[in-house]
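What follows is a set of structures to go through.
Paired with subunit B in one complex and with subunit C in the other, subunit A is shared by the two complexes that follow.
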Partner chain A sequence: MADASIIPAAVTGMFDLLSPFGPGWGANLLRGLVRSLQIAFGAFGMGLIIGTFGAYAKLYGGPIARDLAAIYTTLVRAIPELVMIILLYYAGTDLINRVLEGMGYQRVDISGLAAGIVVLGFVQGAYATEVLRGAIKAIPQGEVEAARAYGMSPILMMRRITLPAMLPHALPGLANLWLISTKDTALLAVVGFSELTLETRQAAGTTKAYMTFYLAAGALYLFITLFSNVILEFVEKRARRGMPSVKEAR
Partner chain B sequence: MMATEAVAVSTDPLQPAVTEQAEAIHVSNLHKRFGALEVLKGVSLTARDGDVVALIGGSGSGKSTFLRCINFLENPTSGVIRINGEEIKMISDGHGGQYPANRRQIERIRSRLGMVFQNFNLWQHMTLIQNVIEVPVHVLGMRRDEAMAIGEQLLERVGLSAKRDVYPAYMSGGQQQRGAIARALAIQPRVMLFDEPTSALDPELVGEVLKVIGDLAKEGRTMLLVTHEMKFAREVASHVMYLHNGIVEEEGTPDELFGSPKSERLKQFIRTVS
Partner chain C sequence: MSDTQIEVPIETFPIHKESDPSRRSNRLPPHRIVLGLIGLGLVASAAFFMRWDWLPNYGDLILQGLWRTIWILCVTVFLGFLLAVPLGLAQAAGPAILAIPARAFCTVIRGTPLLVQLWLLYYGLGSLFPQYPWIRGSELWPYLRQAWPYAVLALTLSYAGYEGEVMRGAFASVPKGQLEAARAFGMRRFTIFRRIWLPQAIHRALPTLAGEAVLQLKSTPLVATITVVDLYAVASRVRQDTFLTYEPLLLLAAGYLIITAIIVSLFRRIERLIPSKLG
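For the complex of A and B:
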């Protein structure tokens, strides 16, 4: 009887700790989760925009644009992300404030959210450049030629032909980048941004219930991934409309 | 029918051409060089409304390059091109070549030339009807419902009404090429350009495509046709040009060229392909 009572006590204790109400730390974790997702979304979106420009610069740009894009992707992919984040976060905000002071303005407090998005987005952009460049190269050249032959302007061609046609080739790579982006948010804990990992560490450190909180955080990250997979599968199915399944071609 | 001299053409639609049909395409002394290789060494052509010009010649003769220069998929190295009476302005690139001075002029002219490719080149992420209405709606600014009505008529013409909502990957080569012809017709082209339209097709599918092209020729469409189908060229063309090594070796009516070829090369060519 004594043995049986220990487990329910431990379990109820765990749920008390994770409860979003009162003395429980659940609300902190959920707040961290929301912040992590905000950063992941922002960084992924910014990475896509940078990546689109980067890929077009590398494929169609003049010598200067091509070189700049090459330097960017090489440097960003060469430096460990953690170093990048610390460098850009501290050096970047410092630089902005020096510029502002130099121009006679007040120093500003840069929000952790904005800084996190910019820093991770800058890193994501380099990888997205390569993913999108490969995908654009995979488009059958005849389709691009047909678009030119019918008088499409470069912008129209990009919007109507190139981007939709490259999407199925880009999606597996972009899905990777999205999942990496959700987890890279944890790196922002080192600069003191209260995302899911830092919130977890604080809760665990205060209550000493390390196992409980890190397992809970792990479950939340897993949940993000599982939910993302459902969405990504749907998007890929939609982007691959018109393409016979790979199995049929075998 | 093929006048090589420049003829002043009235572009005023209210003044019908009195004696001759209006000039649709005029090319004079076209050269094209790829590095050290000179593919076209001075080719000229004038096509008037209703002309069907067939370009024949062996592999590497420059006939496809010539066609692709007309809508500037390749930039001619030198020469004059006039389409709808409008001369395309070129700028020297400083390395002995030239490129179009005005991108918008090229885009406007391209949108009046319906090109049909050897490999169909339908846009794979669009259904057949979406392929057909794409250029009218997004390049020419036609209303969507209007383009849709025209597109459906065109699909019926080429016998593909049933494939309206099918993606190109699920159609046979012959169906895709007929769909590509409908896409070209949808822009109400001044001239249709055919670049070996049956060369990538299985033999049993060639007939259905040639029938569609033949019908277009019969109704008086202006077209330039690069082809290996000599029998077909003889049937539908009003004028045939035989290219060899980048120059027009011989040209004339189909009966002249196929009936009594003068040059030894053309005689040999006709023997080998027929």
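For the complex of A and C:
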């Protein structure tokens, strides 16, 4: 890998630089892609969990829970993701270490992967709260009332009625959130987590073939988006089976 | 790409929903008072127990950064919107030769992270330019050597990509009857566009435009990664100089909150100016 920097970029072809073997940087990019996807999955899942609690707090919570959820969603959606990431990444790890030291434990090194997932999941949670809240509100009132009339406990009702019934309404918004989540992983490059964008930057900086590597990274991100679109379309079609199509409903 | 695009613009900032009437009462409920007091206590303790003595030294720099952030935001939203109108129109009503490139542009912009686009333009394009002597000799060269033209270009293209999709929906949602009536009046095509189609489309897109403007504000700190000194870059510099972790970041977050509030109230005012009686 060291000799790649010695050979001038103009001599080695574009595909030599991108090849996954030998002096090529393809393997690095693919490793970054896998890490990006890990973070995107983790953050999206965590966002869903936070979003479910947030939506329930906003819809059924007491006045204080409602206000706290409103403050959370408003703040997260008004402060830039990059600032949130820096704030949570540095300040968060600093706070945890201070608390640990105060309790007499050793300082811990928080892994970049875990920190990235938590930080992006916290941001995603705010958007997921709004998406899920809207979807739950779109469930016909009669279904919820019928479940209550059967004497279902709130947990059972959530598992059997609310969550399955809201899914088709929530899917377009959640699909969008997933795409945002894959793209937001790029921001972690700024705090030095080596996902796809940072790997690209390092490869480009070493070989001076900036155009090649950034175009390749863009193509990889675009591929994730287009591939996700195909899958999400299929999932949405399946979730909406038996329901009138969106176009007819309009 | 099929017609059922999944990436519908989600509602990003709920300013256009009437909050339910029970919350609209003038009396402040007791828990709000308690929450407000807690909030005030937090702000006061931050003011007292944290170090703010660096603030006067960086006053000018902060104002400069603030100005640059707002300037970039306004310019890119304006230029991006100008670009989004033809993009949306081409997709909604244009011939295939225009619609397909417009659609491809929107897909590529929305399918890749802004950070990659920014770095592609700044490092990629920026590293190609010096190889050509005629570019180095041209009038534009002093600008092309700086970072801000790339920042403005990347943010403009990004805004146009997202907004083009919104405008496509807005143009398509103007009722056919309106356009047919205009044609029956004998208006020329451009007059129809200027008097009927565009105003109604903009009115339909306004709520989303407000959300997109807030999103654009949230994208501006990325320009700090290509050495443009905006508000975020100033805060980073303060952090490096003073070794403070929390104070500059909290001030930065508060600054962005205030700008967001201003954008939201501005759009709300614009929306109120337009009579909302659309068929």
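Everything that follows uses one rule, which is that the second predicted complex is superposed on the first by the 233 of 250 C-alpha atoms of A that agree within 3 Å, B and C clash if a C-alpha of one lies under 4 Å from a C-alpha of the other, contacts with A are read in each partner's own complex, and residues count from 1 in each chain.
What we mean here is this: a residue touches a chain if its C-beta (ideal position, glycine included) is under 8 Å from a C-beta of that chain, and two chains touch if they have at least 3 such contacts.
What you see is a predicted model, and the numbers here were worked out from it, not measured in a lab.
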item: Subunit C versus subunit B on the shared subunit A, clash or fit after superposition; value: fit
item: Subunit B versus subunit C as contact partner of A:R241, first or second or both or neither; value: first
item: Partner chain(s) touched by A:E101 [first = subunit B, second = subunit C, both, neither]; value: neither
item: Subunit B versus subunit C as contact partner of A:A146, first or second or both or neither; value: first
item: Included angle at subunit A between vectors to subunit C and subunit B, based on C-alpha centres and rounded to the nearest 10 degrees; value: 100
item: Dominant contact partner of subunit A by residue count, subunit C or subunit B; value: C
item: Touched partner set for A:I161, first subunit B, second subunit C, both or neither; value: first
item: Touched partner set for A:A204, first subunit B, second subunit C, both or neither; value: second
item: Distance in angstrom between the closest Cα atoms of subunit C and subunit B, superposition on A; value: 14
item: Contacts on subunit A seen with subunit B and repeated with subunit C across the two complexes; value: none
item: Subunit A to subunit B touching residues, read off their complex; value: 140, 142-143, 145-153, 156, 160-161, 164-165, 167-168, 239, 241-244
item: Interface residues, subunit B side, partner subunit A - complex; value: 71, 73, 103-104, 106-111, 113, 115, 117, 119-127, 134-135, 138-139, 167-170, 187
item: Sites on subunit C touched by subunit A in the complex; value: 2, 4, 6-14, 29, 31-32, 35, 107-108, 110-117, 119-120, 123-128, 214, 217-222, 225, 232, 245-246, 249-250, 252-253, 256-257, 260-261
item: Touching residues on subunit A, where the partner in the complex is subunit C; value: 63-64, 67, 75, 77-83, 86-87, 90-91, 94, 127, 130-131, 134, 172-173, 175-177, 179, 183-187, 189-190, 197, 200-201, 204, 208, 210-211, 214-215, 217-218, 221-222, 224-226, 229, 232-233, 236, 246
